[in-house]
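Going in written order, the chains are labelled A, B, C and D, and every chain counts its residues from 1.
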Amino acid sequence: MHAEEKLTYESWPAEPERSTLEAKNKFTGFWLFLGGETVLFSSLFATYLALKDKVPDSSMPLAKDLFELPLTFVATMLLLTSSLTSVYAIYQMKNFNFKKMMLWFGITALLGAAFLGSEVYEFTNYVHEGHKFTSSAFGSAFYTLVGFHGGHVAFGLMWCLTLMIRNAKRGLNLYNAPKFYVFSLYWHFIDVVWVFIFSVVYLMGMVG
Amino acid sequence: MKRLAKWRLISFLAILTLVLSGCGEPYLSALKPAGEVADTQYDLMKLSTFIMVGVILVVVIIFVTVFFRFRRKDDTIPKQVEGSHKLEIIWTVIPILLLLILAVPTVAATFKLANVDQMDKKNSKALVINVRSHLYWWDFEYPNQKIVTSQELVVPTDEKVYFNLKSLDVKHSFWIPAVGGKMDTNTDNENKFWLEFDSKRANDAGGLFYGKCAELCGPSHALMDFKVKALSRDDFDSWVKSMKDVKKPQKAQTDLAAEGQEIFNNSCIGCHAVTPSNQMPDTARMAPNLTNFGDRSRVAGVLDHNKEDLKNWIRDPEKYKPGNMMTNKYPKMSEDQLDALAEYLMGLKVQQ
Amino acid sequence: MANQQTNSGNPRVDHEYRRRKSAEEMRYQVVSFSLMIFLTLVAFGAVAMKGSAWFTVPFIILLAVVQVVFQLYYFMHMSHKGHEAPSLFLYSGLLVGLITILTFMTIIWW
Amino acid sequence: MSTYAQKKGFGATVWDFLTTVDHKKIAILYLLAGGLFFLVGGLEAVFIRIQLAVPNNDFVSAGAFNEIITMHGTTMIFLAAMPILFGFMNAVMPLQIGARDVAFPFLNALGFWLFFFGGVFLNLSWFMGGAPDAGWTSYASLAIHSKGHGIDFYVLGLQISGLGTLIGGINFLVTIINMRAPGMTYMRMPLFTWTTFVASALILFAFPPLTVGLVLMMFDRMFGSNFFVVANGGNTVIWEHLFWIFGHPEVYILVLPAFGIFSEIFSTFSRKRLFGYSSMVFATVLIGFLGFMVWAHHMFTTGLGPVANAIFAVATMAIGVPTGIKIFNWLFTMWGGSVKFTAPMHWAFAFIPSFIMGGVTGVMLAAAAADYQYHDTYFVVAHFHYVIVGGVVFSIFAGVQYWWPKIFGTMLNETLGKLTFWLFFIGFHMTFFIQHFLGLWGMPRRVFTYLPGQGFDTANMISSIGALFMSLGVIVLLINVVVTSVKNVKVGDDPWGDGRTLEWAIPSPPPFYNFKQLPLVRGLDAFWIEKMEGKKGMTPAEPLGDIHMPNASFLPFVIAFGLFIAAFGALYNGEHSWAIPVIVIGLLVTFGSMLVRSVKDDHGFHIHKEELMDDNDKGVKA
């Protein structure tokens, strides 16, 4: 089966993400990359935990002064839901339903953008409260960890949009199906990281 | 020819090792241990060396045999052996046993050398010294005796001396090779450890051990030496007493020295103290304390202790310790001023 | 490349079966999503109640782990065949990462 | 289809190498660039030994000395040893598993160019205000304190080249997982492939902590954060941990492929299959695993406390066991064999006693309490040079001699090769053996000079003379390369006559599609098995058919070049008004070309069956 071949609903394979060697390589390689990303984020988490609440003067806000449940909750819901919508998109991809797949990926991108918006709003608030990237080791570690995640979301957004625009007119084939699949893996991974961020950074921060 | 070379090399290395371990200076070498800590470490070194020499011997025997017996002589194809479980078990289990033999004393020694309970006990009699490392000089504070000295550590022999180690600029490492392994001075926290100085072997070493900085800390890392005077407890007490007696800067003995003192008071006293009291916090002690400068054995830790070298040092410290913090902190001195300063500083003695 | 293969045998035959199977799987996905939302709510609720940190912290970490397992095995299909290498490397990465975190929480202590 | 038509001329060749995605050409690029950096690092080593030959020497200044040692270490590890090993992996590993290509040819090229531009960037520091001077470990307190841009060059240069290494690692892993020829099970893979696999896995997990460490350092130095600024709540020990969580596995990333190379050589020139193959594989994996559990033994004197020190001490000793297994397996591979002492075999044979020395001092260093004496002294310098020179550099020399005919189609001169060996071998032991004692006598490492009267003088002089011998050895090798290339006597598929693995079953140098038909692998040492049954070559596993090949591309070069530009902006951030625009331009170049890559479909091309049949008659054109 060649990647460029035009396929039909009937000839569409069960695992379009892994049905050519290129696709299989992409699939495996991306998973390995996620293994490396796990270590990357672990190192950032570790740094954050070591530097949590380390501020040079006691007037500076600490984790328990900063974080608030409602905003974190909204952000979490946005990102979790976007994870589900990208599952739907892949479901439609496997059913060879290009239009629906695009629709779900579109919703995913919207949710991701909303998440980013809430993060920007949140950071602006913190800066006003005196919690800056340059003000303390705590600030540096916090913005680096959460910002790295935010950067991943932003990159994912760009990726998603590029994929959608590029493939808007040509429908599904074995050349682009793995690309969509790998993107969805990436998006879920971002969600996995966020689950730990809201638990370890925000919730644990509020507990004290 | 080649075969002979191999054998020669091995026996040569073995003999060389024995000879070389005998070298080294008693005031500096970790192979001439002069205290309990260094002894413990030396014993571990010997134990690990013996075990390892055993391993090396086994390997060498097989190695040499292979070399002689299995050179290619003809075109026959040797038997393709897959392996041998028996052999594999042997060379897995024996090393594990050997490592256990090494691991147990290692762990024991690690805990022993880290035991500083005496420090934290209330009303403990133990001698505690706060070591503060700076870019290329060492500051030694005796918190219970309430005195401060620099560059030359003075310690009593035959008892445990406890150290609090911290750095005030970049990371350094405090090391007196003949007396015991090192401990880093971090910028973040205080490290604690102890050393013991053996009186008899201190005498053999001339009563003066060499100390070094063992962590790269900038251009003059190589020159961040200090000296350790090991005195008997009585001598140590009398040294402490005479240090404490210096309540205010000592009077100059000669006219030249008096002139030097005036220059000193104008240009140097902003950083260098000449009284041993430790009223200032450690961060405020910006340069070596010079109370007993005349008693020391080195200028700036590395130059010979005479007026000429002292003058050279003050004239251009950058030349002798690149990157030091003293350069350009004071006006340029004329030769006369240098003479006077040297006279004054060399006269700063607490013990006659 | 010449040595490529497809994983499906005859696409026309197993097609209907596949469609049903993946619809069924999609239902599982929705169920696991609801569970994840539920776990999130519980975690936020536990913090909102302001209980003892000794209980709350391990509890929310546990919830996070459970949630992530759902993500990995359902959303990211790690429960499917052909994920041996992915799981090996993901778990190895996790191991290295956890050791790092453990270190930073124990021996950077001042 | 014209992509592989032969163009002539120097310009065409350069363009070919700038755009190539062929793993064998990328291998040559790695060997060339790595070899160049090896010479630079070697020159730095010579400067170090000249400066230390006599006490109170002023050949170089104190500041310059620190720059030299920093660059020597960094260059040798990141820019010489690793890339040269990557060169071998690229050249040989796909052939050993019977693959036509690597999994990601484009990324393979990208990885090389990232490494190359990172290395060039790092070395430009010499001409732009001074090289990094805080040691290759670049401990945070000193690195933050260091003035000038040296450390910035270190941080950015390593970040870029590290990215390239990571990409390379993933590429090798996927290649081995997905692209093995029919019949090539994991337990039939040659040991060099296995060690490539494990080393690549180590890269995958070890480089992210380094990336994070470098990012933190970059933020601190260029963007005002406080990770390592103690006064603002920072903590410098974080850097030490991150660096060594990377740094210790890095040692194994270097030494495991070296083990792989030696395993191939021992087995080939003993005409015997590797003794205890499965335990060798097991030991390799175990060393890789334990490599992540022991990093804190580099920090015994940091003050982690006795519990941590004891745990890491015992874990470190444990690594001695699998390493010992390997040593004995190699010895018993030769035992009962028919050992031919070719030039590669010289290196392999001498590797055993040399590496044993490094190994046993490693176990000695693991004894935490005793390590307080060894730490940061010349004893440690001696130890890791015994491991890295006696292990890795020996393997590089051996590998060059061993695979040169496969890569270039012509044999390096054996006599000159042996001369290189003897010069280098004698020089190596002369330089480093005595340094164990220097350390024990109280000489700290990284000192730019020492005072007379401490008993260091003679030993240092001996050590410096040894360095001279090593330099001579390298010069002879260079002469050898030139002489060989000028003569250019072509050799056949299996020039050593004793080849066992698949790379020896195809022409030297191999055609760009490697295998006309994928081979059928029937066991360990696949080619040897066929030879023993009297066959000329491998049995094909498939009928002759079209071969799919990737297109060459200039984009990897451009992507890496964009980061190279951006790095200059980051370097001068806050100092010059053009810094931010330069960062933006550089990133635009990089991300722009990535966009081009993802938007423009590139399906590669096919070599048709008919063309391959033509090749049959004409012999092979490379």
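Quick notes
One rule holds in what follows: a contact is a pair of C-beta atoms (placed from the backbone, for glycine too) under 8 Å apart; a residue touches a chain by one contact, two chains touch by 3 or more.
Quick caveat: nothing in here was measured; it's all calculated off a predicted structure.
Put simply, the chain nearest the middle, going by average C-alpha positions, is D. Judged by contacting C-beta pairs, the busier of the interfaces C-D and A-D is A-D. Spacing of subunit C relative to subunit D, judged by their CA centroids, is 36 angstrom.
As a whole-number value, the distance joining the C-alpha centres of subunit B and subunit C reads 53 Å.
Here the CA centre of subunit A is 34 Å from the CA centre of subunit D.
Chain contacts: subunit A has residues 21, 28, 32, 35-37, 39, 43, 47, 50 touching two or more partner chains. Looking at subunit C, residues 1, 3, 85, 89, 92-93, 96, 100, 103-104, 108, 110 sit in touch with two or more other chains. Touching of two or more other chains is recorded for residues 173, 177, 204-205, 209, 235, 237-238, 245, 305 of subunit D. Subunit D contributes residues 61-63, 65-66, 133-135, 139, 141-142, 145-146, 230, 235-237, 270-273, 275-279, 301-303, 305-306, 309-310, 313-314, 317-318, 320-321, 324-325, 327-329, 331-332, 334-341, 349, 352-353, 356-357, 360-361, 363-364, 366-373, 375-377, 433-434, 437, 440-442, 444-451, 454-455, 532 to its touches with subunit B in the complex. Across the complex, subunit A is touched by residues 1, 3-4, 6-8, 11-12, 14-15, 18-19, 22, 25-26, 29-30, 33, 36-37, 40, 43-44, 46-48, 53, 56-57, 60-61, 63-64, 67-68, 71-72, 74-76, 82-83, 85-86, 89-90, 92-94, 96-98, 100-101, 103-105, 108 of subunit C. By the touch rule above, subunit D contacts subunit A in their complex via residues 103-104, 166, 170-171, 173-174, 177-179, 204-205, 207-209, 211-213, 215-216, 219-220, 223-227, 229, 231-235, 238, 242, 245, 595, 598-599, 601, 603. Within the complex formed with subunit D, the subunit B residues making contact are 13, 16, 20-21, 23-25, 28-31, 38, 40-41, 44-45, 48-49, 51-52, 55-56, 59-60, 62-63, 65-67, 70-74, 76-84, 87-88, 91-92, 95-96, 99, 102-103, 106-107, 109-114, 165, 167, 169-171, 173, 175, 177-178, 180-184, 186-189, 191-192, 210, 212-223, 225, 302, 322-323.
Across the complex, subunit A meets subunit C through its residues 1, 9-15, 18-22, 28, 31-32, 34-39, 41-43, 45-47, 49-50, 69, 72-73, 76-77, 80, 83-84, 87-88, 91, 94-95, 185, 188-189, 191-192, 195-196, 198-200, 203-204, 206-208.
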